[in-house]
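Listed below are the structures to be examined.
Across the two complexes that follow, chain A remains constant while its partner is chain B and subsequently chain C.
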Partner chain A sequence: MSSSRTIIVVDEFHPSPKGRYKDDAPGCEITSGEVFRNSILIKALNSYDKVIVDLTGYNRYGRSFLDEAFGGLISRAGFTKAILDEKLVIKHDTVPSFVVTANERILAADLKKQKN
Partner chain B sequence: MKKKLQEYDRIKSRKIRYYSEKKRGTERLNSKKLDTIFNAPILVVPKVFDIVESKYNDEFVTFLEDFDNLLKTSRHIYLSFANTVSAKLPVFLILYSIYDKYRCKVSIIWSKESNLVNKSIKDTGAFQSSSVRNQVMFDQTQNNIPVISGSNQEYQTFPDALVDAIRDKYYGGKIPDKIESRIAQAVIETLENVGRHAYPEEKLDFNKKWWVICSICLVGHKQEEYMYLAIFDSGQGIPLSFKDSEVFQSRVKENYPEEYSMILHGEDTDTKIGAIKRFVRTAQSMIAPLRATIGDSGLIHASMMHDMTRLDDDSHGQGSVSIKDVITTDPDSKLIIFSNKGGYQYNKGAINGNEHFRMELHNELSGTLLQWSIKLNELE
Partner chain C sequence: MITFEWVFVSWVITLFIHYHGVKRTSITTQKDSLIEQLSNICDPSWLDEHAVELYLEEIYNSKILRVSWKIKQLNQLSTSPLVDEQKLDAFYNFDIETYVSKKTPDDDKSKLKFELQDLCNNFIDDIENTFFNKVTTSKKFMLLTIRNPLVAIFLSTGIVYLYFEIFTFLYN
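Entry: the complex of A and B
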């Protein structure tokens, strides 16, 4: 039987995620994309067959947060796009452009990895 | 009795002397004579208080230097807009960045020429202290957002507070999600760039400072509502940050390939000297020749050119996407950036087809000023 986990970002991580790296500015050690990826997302992907990241509830995600959280899975954490296609679903109920951006950053990281 | 009269005369003469010194007089600033009111010097603001029109000319720069010098040495000055015919809101950010450094009271002599100038001064916060101005942003009974100052220390809280204020003051508390996301992204990415690139030598987040203003204006014969949002930092400027960012360097290479190649390789591409030149050429050493060839405006232009058709780009440099994303095809929707000696305008719906417009300034601006004009109902 396949296991799945839904991560409600604003409840489980932070109500207003912000920043790329933990040392971008004071507070980013608990709000940045890097911290979200390392502290929650990677563990979930390693433990469950399916991981749904629900971004709903906050409409102010920066591209750098999304890039580091999701693109960083490939560029820094060793995941492949094939694995993410199989296991990861990203959603936002009212602003679909966040999902588009997150998926675009995964694709960009994959293309870059293939080039190098 | 005689003694009392003598004492009375002495007191009276002291009073006369005191008040004659206090009323209008003159004071010297460098070699210039300044009029005074009760000993407080009057500094005259340029007739046109606008970077685009003045191209940051000598008069403009001298005015800012005089303002700084007066604030440094005085407890109270008058700023005279009496003859000012036009004043652009974003330019006030530069003025406030100087004003906030000192504890000098600034009184205003209002414009006799333009009600719009006076409205702009009021919108900026009329030279109240930074703490009073910052409070206005949170005050829902006031419908403007004056010049707010802050630093990288407030990176976590300020972007949300600003977007909340925009929502409450300009969208009646109900901002559509898509508009909220685009405005928030532009603000967040700009402030992130300030924190990461503007002050490379500065260790303390508190000293990585920025100034923001956001205002609503009616534009054109239809009197449509536009939001003007501007952010200024007094850091190193975009052109000088070339050395710190590989993304920036690759964008210059892509957008100005001939100039880049010429500077990197020199004319003698096949000789030993050419090879040595290439070897010792660092990003730092390329800044001066690049500024001389493509200009600071070219460097700013390149820094903003994210290639949307290429997905395998570097993960960094995403900010420029969000910063441009709030600009729509409306002809009056524009992004204008001034940094060091360059100016760049992004106007997606430019009537003359000139989507990217560059200009060089007469003098060097210390820092970066970004301003957006956004039609309120256009972003969805």
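Entry: the complex of A and C
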């Protein structure tokens, strides 16, 4: 039986996620994409067959946050695009552009990995 | 002799003209405000060299969000969508992090500056073009924007007419 988990970012992580690394600026140790990926996302992807990341509730996601949180899964955490295509769903109910950007960052990370 | 019906019809026509004028002015104001917000994004004056990079990225994200709300408001106001929200994807995907980074070489910064300026200018051009074709010159747009009040007024006119007919019949 397949299991799934929905991560509501603004409830389970931080109401205003921002920054790439935890040492980008004061406060980033609890808001950055790196912290989100390491503390929530990787664990969920390793434990469940399907992970839905719901970004709804915050409308100022930066490219750096999305790149580190999602692209970082490929560039730093060893996931492949095939695995993410199968297991990861990203959504935002009001601003679909964040979903487009996050998926584009995953693709960019995958292309970069293939080149190296 | 000018009957009540003719006075009513001319009042309805005047109301339509006034409504269309007000609506068009609101759409134009909203469009100008959107263009101003877009111009602010490519204006480098908000780039404070001494600020923390994340702070500048946050300013950029806020500016994009304001543009996004303006587009939503403009599309809502104009009844039929004037600006495609998906065109903002390129702004969300713009590498603002590298652009505001102090470590980025000047050549790369210049390239990104031109890229951002290009994005803004193309988007502004697209908005102006759509506005001219759909709002300024199109007659169809006038009917589209006033379709709801048009139906409401015709129905109310019908009800008022029936009301008069029924009372005339009853008194006769």
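What we mean here is this: the second predicted complex is superposed on the first by the 116 of 116 C-alpha atoms of A that agree within 3 Å, B and C clash if a C-alpha of one lies under 4 Å from a C-alpha of the other, contacts with A are read in each partner's own complex, and residues count from 1 in each chain.
Please note the rule applied: a residue touches a chain if its C-beta (ideal position, glycine included) is under 8 Å from a C-beta of that chain, and two chains touch if they have at least 3 such contacts.
Computed from a predicted model, the values in this text were never measured in an experiment.
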item: Three-chain arrangement built on chain A, chain B and chain C clash or fit; value: clash
item: Partner chain in contact with A:Gly62 - chain B first, chain C second, else both or neither; value: both
item: Contacts of A:Arg37 with chain B and chain C, given as first, second, both or neither; value: neither
item: Touching partner for A:Asp24 - first (chain B), second (chain C), both, neither; value: both
item: Chain B versus chain C as contact partner of A:Lys87, first or second or both or neither; value: neither
item: Partner chain(s) touched by A:Val100 [first = chain B, second = chain C, both, neither]; value: second
item: Larger contact residue set on chain A - chain B or chain C; value: B
item: Contact residues common to both interfaces of chain A (with chain B and with chain C); value: 18-20, 24-25, 28, 59-64, 67, 95, 97-98, 104
item: Chain A partner contacts - residues on chain B that touch it in the complex; value: 152-153, 155-156, 159-160, 163, 177-178, 180-181, 184-185, 188-189, 192, 195-196, 205, 311-316, 318-319, 321-322
item: Touch list for chain A against partner chain B, complex; value: 16, 18-20, 24-28, 31, 59-64, 67-68, 71-72, 75, 94-95, 97-98, 104-105, 107-109, 111-112, 114-115
item: Residue ranges of chain C in contact with chain A within the complex; value: 52-55, 57-58, 60-62, 65, 68, 85-86, 88-89, 92-97
item: Contacting residues of chain A [partner chain C, same complex]; value: 18-20, 24-25, 28, 59-64, 67, 95-98, 100-101, 104
